[in-house]
Amino acid sequence: MKKILNNPADYVDEMLEGMVAAHPEIYAQPVRRVIARAAGAKTGKVGIVTGGGSGHLPIFAGYVGAGLLDACAIGDVFASPSAEQMAEAIRLADGGAGVLRLYGNYGGDVMNFDMAGEMAEMEHDIRTTTVLLTDDVVSAPKEEAEKRRGVAGMVYAFKIAGAAAERGDNLDEVTRIAQKAADACRSIGMALTPCTIPQAGKPTFEIGETEMEMGMGIHGEPGIWRDAIKPADEIADEMLERLMADQPLAKGDRISILVNSLGATPAEELYILYRHAKKVLDAAGIEIVMPLVGRYATSMEMTGATITMIKLDDEMEDLLKARAECAFWRV
Amino acid sequence: MKKILNNPADYVDEMLEGMVAAHPEIYAQPVRRVIARAAGAKTGKVGIVTGGGSGHLPIFAGYVGAGLLDACAIGDVFASPSAEQMAEAIRLADGGAGVLRLYGNYGGDVMNFDMAGEMAEMEHDIRTTTVLLTDDVVSAPKEEAEKRRGVAGMVYAFKIAGAAAERGDNLDEVTRIAQKAADACRSIGMALTPCTIPQAGKPTFEIGETEMEMGMGIHGEPGIWRDAIKPADEIADEMLERLMADQPLAKGDRISILVNSLGATPAEELYILYRHAKKVLDAAGIEIVMPLVGRYATSMEMTGATITMIKLDDEMEDLLKARAECAFWRV
Amino acid sequence: MIDSKAISEALKRIASHTAAASEELCAADGALGDGDLGITVSKGFAEAATAELPDDVGMALLEVAKAFQRVSSSSYGTLLATGFMAAAKLEKGKPGIEPEEMPGLVAAARDAMMARGKGNLGDKTVLDSLDAVASALEGTSPHVMVETTINAAGETLKRYRDLPNKLGRARMFGEKSRGLVDPGQLAFLRIVEGLRYEPHES
Amino acid sequence: MIDSKAISEALKRIASHTAAASEELCAADGALGDGDLGITVSKGFAEAATAELPDDVGMALLEVAKAFQRVSSSSYGTLLATGFMAAAKLEKGKPGIEPEEMPGLVAAARDAMMARGKGNLGDKTVLDSLDAVASALEGTSPHVMVETTINAAGETLKRYRDLPNKLGRARMFGEKSRGLVDPGQLAFLRIVEGLRYEPHES
């Protein structure tokens, strides 16, 4: 296992401790494995919480910050946090105006977060709502879109909903906008090499020396095909085609696009992908707003990339461009 | 070769094209392989240029931006740009107040940049100065410190010198401050896996499945020892000890520290390193200012990390904290 | 009437019995899932057994639910917490549970757990155990309730063994799951066995 | 007097001759370095040969220097550019180079290249070739200058073959570099041979 760590059992806690120690002006960890804004909940502001397994930085905890999230519950690597931690996150995010649970559609996370919501309502009388990200187009057919997994689309949803909450929208409004953003996102991934969960000690999957897998999920969930590595432009072409087949775009449409590294794939190669994606979109007359290229949702040291597109309207565009700040991203 | 690319010969040009396409408000490429600020040179401001091989993003070209660099010449992966490109960078950076060449101490780069400086002076009457980064403590003994390679210390030098130039300091002042920053930096690296130069097609070095190498350079230059991977805390201990042996620090000293991924090593593991580094420094009574944890100077998909410390005084601390913005970093 | 004290004592007995069964449950879950079920169950009851329970049995059941939430994020822990919480809602404000309420509480737990995990009866999960217990308890006299419950849980295990799992991780094993007991149903049997368990040290 | 036109013609002959020697030079550099020297030299002279040279020989030499800078970032290209630039500085404003200036120009190039690459004489590099040529040309009459230069370059190659390389990439080969000609010295010989080379097509 080629990783820099101490005891694998301490990976998550030491990581969080280091993150808070490095950015004490942004993050606090008032309860074990719950990250909240250092400044605390803002009275009268709708809170937004998320949660999920570790190993995806900046997702999830990294996006706690002004104009983004208020709190986050963190599980073991690739495992759900407990409902208790999620309930704590809700409590810490509460500024008296209710709390939106905004996270990815994974079975364990959903059960625990629903449970946590009930706890928070029962114990602290906090009104909560839920919006699930289901942006991975490969994880279920369009007819069963509600079964799809949530991946890097979360970044857009956090940003847009976070800006709505920050400007003072009420819980129903923030929930409506978050749902609109989630609905407007489509993502697809491809991977070249796996990563290793510290406590498992071995790679999450095996793949040949010259192979890639199209459509693979961020935890190594099986994709659509596995074959010899294709040229970057062909990879980008297929990814864009699949995204646009699911959510057709027409001349004049406005989108933002996120070309994201799963971890090891360097910025250089993301820009090679972006270069071609922009050509394709330019040719189709689709306008790109605030493109994002970098490591926004990772799987530790996995090699590969994801592309997310969000179809924007004026409301979402304004919120996407609003100020925001966490340790990993500033707008 | 597990990389996302088209023709390996086009790696650098496509990467630059994508980078400029993604951030046209920050970067421009007025001449092939020369990146300049989109807004152009600022009249009356001292220009700062850098240059070096590709494959290290955000180093070098990524740090062109307000409060940072004015222009950058880019070579093939891990190879020097030509003197002609460097001369173009100098010309593009010139706002009439002279230009500082600020870059890493590598033989080819130095020859070409000296040449470029002479060209610029002869042809365009631009006054230039040079400051070389020599922060890698492992690359030569202290007595021959001027032979050391420049690595991630560049990030601090770019930031501090860039802020001095931005506030209107003259060339001699900017040069003095850049030299002071360069002199105050010490770095050390360690690697777990190599990377692949696209046109070579094979890894830059070989290393066992459970081995690490302490002190390795960012192009795979040999380090001090190679052995079984040690726990993160021990790795951090040794790195800090070697840095502090070279530049002793005392109780009350102020530093900034950069815990940097060489590419594949995830943010999670950088925070595990940072956590321990902070403990050690706290125990020694050394104050940490604006710690940086992330991918600031990479070797594409290499696994490993570097630690840089810069010993600050008031002047450097102010400049480090001044506003700056490029696509990879905002202060 | 089952008051908070009785609940607390029952929890202690279950904690002891499931601790002893932990390895067996991990092995069963290892064959059809990720092998953590013994830990989830024994840790959950250990935590619940040490909880300070308020006199209001509704709030006491809520504490039990919270204990499970606290120590586990695996499905079974969340489902049990859900079940206890459903019962808690019905008992809120009461000093004790009347025996004749039992079938209704088990059914309420079953329904809440179905809603939470989006499962159906017949999927070969702990839901089937709860369903069988709820039916068996209907009209039963208080002094045979524990044995009736244990029997129903044991029968469910046998009845489903040779059917395929249709939910959770075990679902991926498809036809290969025939012949293997569902770990969650087995765990439920061990839990209810704890209701009659007499610890040696007492 | 060597004017810009003469320089331009010499460059064309050298371009032709070094193009033919490109493979040989790459092979020599391959044995002691990264194998790009043939490309560096042939591309550099090809670029210089097509440059529009101004009448001022100083500025003409500057154009030659720039041609090398443009096409190569390898050491040899930068060093040759440095040498040409040193000569350019001395000739700036003149319509031609007088033959008796030649030894001084070569020596100036040598010194500038030593300063640029931080090399010493005796390191087994192109610097030794330049040094030998500068000495040999001292007091030579114009019509034997080309042959004198070629002889000096050839002698240098032989003299250093069995010594170890002490600079650049070849230095890492240490004792193993004994017996192998320095690629840069060989390239220099091929360059100056080009001064007498008569292309067939003329």
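Should a chain be cited, it is by its letter among A, B, C and D, assigned in written order, with residues numbered from 1 in that chain.
Simple rule for what comes next: a contact is a pair of C-beta atoms (placed from the backbone, for glycine too) under 8 Å apart; a residue touches a chain by one contact, two chains touch by 3 or more.
Predicted, not measured: the structure shown is a model, and the values here were computed from it.
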{"item": "Cα-centroid distance, chain A relative to chain B, in whole angstrom", "value": "29"}
{"item": "Rounded Å distance, chain B centre to chain D centre (Cα mean)", "value": "34"}
{"item": "Rounded Å distance between chain A and chain D, as computed from the means of their C-alpha atoms", "value": "59"}
{"item": "Intercentroid distance (Cα basis), chain D paired with chain C, Å", "value": "88"}
{"item": "Multi-chain contact sites of chain A, meaning residues that touch two or more partners", "value": "none"}
{"item": "Of all residues in chain D, the ones touching two or more other chains", "value": "none"}
{"item": "Arrangement of touching chains [line / ring / star / complete / other]", "value": "line"}
{"item": "Chains that touch, pairwise", "value": "A-B, A-C, B-D"}
{"item": "Footprint of chain C on chain A - complex, ascending", "value": "75, 79-85, 87, 107-108, 111-112, 114-116, 118-119, 122-123"}
{"item": "Residues on chain B engaged by chain A in the complex (per definition of touch)", "value": "2-7, 11, 14-19, 21-22, 54-55, 57-58, 62, 192-193, 209, 229, 231-233, 235, 263-275, 278, 291, 293-295, 298, 300-301, 303, 305, 327-328, 330"}
{"item": "Footprint of chain B on chain D - complex, ascending", "value": "62, 65-66, 69-75, 77-79, 81-82, 85, 89, 116-117, 168"}
